[in-house]
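The same subunit A turns up in both complexes below, where it pairs with subunit B and then with subunit C.
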Partner chain A sequence: MNIYRYALRRLLQAVPVVLGIVTITFLLSNAIPGDPVQIMLGPSPSQAEVEAIRARYGLDQPLYVRYVNYLAGLLQGDLGRSIYYGVPVLQKIQERLPATLLLIVSSFGFAIATAVPLGVVSAKRRNDPTDHVARVVSLVGVSTPSFWIGLMMILVFVYHLGWFPATNLVMPWAPPSALPAAETRVDVLLASAHHLFLPTVSLGTLQMAAITRIERSAMLETLSEEYVRLARAYGVSERTILRKHAFRNAQLPVITILGLQITTAIGGAVLTETVFQINGMGTLIVDSIARLDYPTIMGTTVVYGLVFVLGVVVTDISYAYVDPRVTYGEAE
Partner chain B sequence: MTAPLLEVENLRTRFHTPDGVVRAVDGISFTVREGEIVGLVGESGAGKSVAGASLLRLVEDPGRIVGGEVTFKGETLVGFPDGRAEAGDGSGDDADDRWRDDVLSAEAIRRRIRGREIAIIFQDPMESLNPVFTVGGQLREFIELNRGLTQGRARELAVDMLREVGIPEAEDRYDDYPHEFSGGMRQRVLIAMALACEPSLVIADEPTTALDVTVEGQILELVADLQAKYDTSFLWITHDMGVVAEICDRVNVMYLGEIVEQADVDDLFYDTSHPYTEALLDSIPRPDRPVDELDPIAGIMPEAIEPPDGCRFHTRCPDARAVCTEINPDCRPLDDAGRPHRAACLKHESVFGAGYRESDPIENEAAGGFDVGRTEEGTDD
Partner chain C sequence: MTVATRRSETDDVVESTPEEPGRSGRTEGRPEGREIEARVGWRYTLREVGRDPTAMAGLLVVGVMTAMAVFATVDAVVFASLARFEVFARVGVRQYWIAETLWVSPIAEPSPRLLPPVGMENQFGRGTWAHPLGTDDRGRDILARIVYGSRIAIQVGIVSTLLGLVGGVLVGAVAGYYGDLVDDALMRAVETLYAIPFLVLVLAVMAAFGRNLTFAILGVGIASIPTFARLIRSRVLSVREADYVEAARAAGVRDRNIIRRHVVPNSFAPVLVQATLQVGYSIIVVAGLSFLGFGAQPPTPSWGQMLSVSKDYMIQNVWFSIWPGLAILVTVVGFNVFGDGLRDALDPRLQNE
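Entry: the complex of A and B
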């Protein structure tokens, strides 16, 4: 079986998982205490108003009918209508998701770009000062909450030094008209990176620290493998051993950790968006929960579920790509 | 008689562990001539593998070569400045200033000796190949590196070598990964690797130990054929006297870091001159013997830290006498007949004159019957 069929297979296998996520989300949102209609209509609405609203949002029907309706809607890309915003949930998500994805992707990029070399060097120079510094950095990184890092960075780099803007993201593909001097594409990209930098570091530090630790220990392990000894015995240079013979094997645990870090990043993004006042999915979720906006809560959760499942599938595929021993499930 | 290809003089390698200094190799001397298969025999923990690694300066931390001299084809691989043999300066074997000026630098050893002149085959074919690269690719890489061939030529040669070591459908198997090969097939690949680089010497470190007996037989046959064809010399490290009998021309028997007997293979078997060699011969494996998978380095640590005083074998020697606890015999020629037969045992009174005959026998572990296989290798049946 080749890797494309393997990918397709993993995607199909993910369908029941997604269905499970949808079902649980649906049941949980209906179990949230409080009545959204009351929140919408204020303290003493008339009976007729309440009924009209219930009918409008389908809340007058029994649970299973609503469930089936919801599923049917989902299949057509309809996530329902936000009670608070009064627009389709999908539209709201389309507005908000890109910022969050941009943030998560860039924080992963930052984490990988810094952690992989750091971990490798740390393993190579085991117990040297470089190694100690790297280990302290990663220990501090995994033990510091990302919002705190964010707040501290705002304090130092925004208020004291004034190097970075404190709030909002600039989407590289949709510059706000208010942006000064954003005329060429390069300007827009620069402005975007400028805005993105602090949130990225704030969200990515945890990932960076976690990956560094795994990278270091995985490299140490592969460096003591017999095939590395063999390569050395055949005159392969330490540099090539580090980059090729030991490196590829060492990435397997790293890939696993990356997959697991997706959840952490999604959770962390909520806080980061709050700290940096970014209009992303995180703030959308928090606001919707505060307003008991069921359709939005469900919609955002389902979309996050999808993002997560996709992330896991991509992880699996990368793993299979790196490790030829993964059989693509033929023998099962 | 041909000139020695490899000469090892008084080589000593130590491991500085938290528990103490392990004298893994403690002053061994031997030679390998062109076209010869020389055995280095002993139990796990005798220091054979460390000796093999020392020849290529492949000893890993915390191990260090601390003394002696190794010459190969007129070049010095190991050698110490006068008076600095014990050089306890803390620098690893890579630090070129540890060595005498005429000793090859670490870089020269890597480029000119490793693979190119001296290739090595490790014990465990399962672990020796990198699981994420194709077998052919790994073979090709080493050929390219050590023979200076282009990728295309190296690939052709790799396929030829795979065919030569008996891999069926070599062309198709080239792109397979190690996990798609059986243990015996992987060991064939490793042999192909060693020979493809056309070295003058191959160090075979227990290459058949992890294989079952039938496959072992096939591999030994293959090596014998290839050796005849390429006239490559071998240093064959093993704990198995059966293998020695089958393949070696000359043999060095090692016990706790020292060579205790050195002889042509026939002399060793028919005129055994050291009690330890005798014990080893008594333990020639039966076909039903299970595979020994002990890590040779792990096995060393407890014993070689504080080797017994006197003859190191006296705690287990059935012939031990009081004098053996006091004098550690060196490995001396046994007669003047020109036979290269040496042994380190006080029993040879005419050679050592240490008063063995008058000395009283002592009680030791040998009293309850001697079983090499069991005592140290843990190969319980």
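Entry: the complex of A and C
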């Protein structure tokens, strides 16, 4: 079986999961107390107005009809209309999703770039001062709320040192004309990186810490394997052992953790977006809950679920790249 | 694959513990048994944790925080009701009602707001011993609110973890024990639960049922079911093949009793470690929810909500936003360090290193 068929099969397996997410969010959203129509129309709407709105949003139909309609719409890429914004939910999500994805991807980039070397060095120099520092860093990292890190960084780097801007995230693909000081694409990219730095570190610290812990223990485990000892006995240099023998084999648990960290990152992004006032999916869902805008709540949750499922599938596929023992479900 | 096999072999050693509680004691009793000290049993585990100074430090933090939470609860329930009664008698209905709405004690001298900790000075005045950590935006003592906040944190951490643990162990043990269709159905359901991002799921629950702490606890608990279910299921898969399970089955013990008396106790060690770590994680998640306004509602103090308020006063009084964060950090580090120590003690592989 080749990799495409494997990917396809994994995606098909994810369908019931996605269906489950849709069902749970649909039921939860419909359990929301309070009448969204009332919120839209104010305190004393006329009966005709209420009827019209109910008919327009399909709220006058029984639950199972609405469920089937919602599923049918979903298949056509229709997530319904936002009650508060008055635009299709999909449009709102298209506006907000890029910022969230950018934040999550950059935080993962930051986490991997710092955690992997830290974990490897920590394992290589076990019980060294370097190792102790790495362990303390990762312990504090997993134990600190990301939003507090964000607040403290704003305090130090924005208010006291003035090194970074706190709000108004610039997207890297924004046209240069949208920024007052930017003339070329490079200016935009720099401005974007400048804005993104604090949110990235704030969100990525937890991932960084979790990956460092796993990387360290996985490296320790592989370094004590027979084949590493054999390689040492053959006089293979420590550097080669580390790079060719141990490192690659140690990455499996790391990839697993990466997959699991996707959920944490999505949750953490809600907080980071709130702290840094980024207009992303997180702020969208928090605002929608406050406004009982349940088509938007449902839409956002479903999209979050999709992002997660895709992330897990990508994780599964990347196993095969790292570990030659994993086959794509092929018969031996 | 070698890793997996080796793991289950060593785990078997630990697993035999609850079945034979006297085992470590027996070994100690033998005169020549000193050097073949059994590396199993709760007594051994406790001793092992006791030897680990970091884990003991973690346990100390956990103990102090729990004691503080218990004290705050007793204080809130017993003394506050007494005080309330006295205050009520002294100031009368109207003034008491005003004071409750403003969240300040009607008989206490109003303190200056946003005071710094002892020995420091800011635009609002000098820190005094009356408020060792300073005061918040309403002139309330930060130390008192931190102590009271521990109540929410510990309660949330422990209750939600227990909820996830019981639910997860139930689902995971049944799925692992019966296998096949039951396994498939249950684990798919759990996977679905897992695919909804933790915080978003909790937010959805709160949106449906209202912003209060019970739902935060419930939500975080439910969201942690998958972790426990997966963990115990992977252990049950190997335990159910064990001879003693086979023997129990042959003796005609009912499945329910086999799961309860043999399978679960013997698969429990990693669950216990995970539970300790989960308490810390739950505290962070609920602090995050409170920060967004979805946790304990004011005036009940919680660390997350204190941070949420403090972010508007960060420039005037930095300390207001430092203390609650530190409280979360210290508590969660305590649980994590203790959990790590417990894991090391329960994993005999690490002993030889």
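Just so we're on the same page, the second predicted complex is superposed on the first by the 324 of 332 C-alpha atoms of A that agree within 3 Å, B and C clash if a C-alpha of one lies under 4 Å from a C-alpha of the other, contacts with A are read in each partner's own complex, and residues count from 1 in each chain.
Quick note on the criterion: contacts are C-beta pairs under 8 Å (C-beta built on N, C-alpha and C of every residue); 3 or more make two chains touch, one makes a residue touch a chain.
Only a predicted model underlies this, so the values are computations on that prediction, with no experimental measurement involved.
Taken together through their common subunit A, the two structures put subunit B and subunit C side by side without a clash. Measuring from the middle, so to speak, at the Cα centre of subunit A, the directions to subunit B and subunit C differ by 70 degrees in steps of 10. When the two complexes are overlaid on their common chain A, residue A:Asn69 makes contact with neither subunit B nor subunit C. Contact with subunit B, but none with subunit C, is seen for A:His245 once the two complexes are overlaid on the shared chain. Once chain A of one complex is fitted onto chain A of the other, the partner contacts of A:Thr263 are limited to subunit C, with no touch recorded for subunit B.
In the superposed three-chain model, the partner touching more residues of subunit A is C, compared with the other of subunit B and subunit C. With both structures placed on the common chain, the touch criterion links A:Leu155 to subunit C but leaves subunit B unconnected. Shared-chain residue A:Ser318: touches no atom of subunit B or subunit C.
With both structures placed on the common chain, the touch criterion links A:Thr130 to neither subunit B nor subunit C.
Contacts of A:Asn279 after superposition on the shared chain: neither subunit B nor subunit C is touched.
When both complexes are overlaid on chain A, the residue A:Leu139 reaches subunit C alone and has no touch with subunit B. In the superposition on chain A, A:Thr301 contacts subunit C only, with no contact to subunit B. Following the chain A superposition, subunit B and subunit C show a smallest Cα-Cα distance of 7 angstrom.
With the contact threshold set out at the top, residues 325 of subunit A are in contact with subunit B in one structure and with subunit C in the other. The touching residues of subunit A, counted against subunit B in their complex, run 225-227, 229-237, 245, 248-249, 322-325. Those residues of subunit B whose C-beta lies close enough to touch subunit A in the complex are 56, 58, 60, 110-111, 113-116, 119-120, 122, 124, 127-134, 141-142, 145-146, 177, 179, 190, 193, 197.
Residues of subunit A touching subunit C in their complex: 16-18, 20-21, 24-25, 28-29, 31-33, 139-140, 142-148, 151-152, 154-155, 159, 221, 224, 263-264, 266-268, 270-271, 274-275, 285-286, 289, 292, 294, 297, 300-301, 304-305, 308-309, 312, 325. On subunit C, the positions that touch subunit A within their shared complex are 1, 3, 188-189, 191-200, 203-210, 280, 284-285, 287-288, 291-292, 304, 307, 310-311, 314-315, 318, 321-322, 325, 328-329, 332-333, 336-337, 353.
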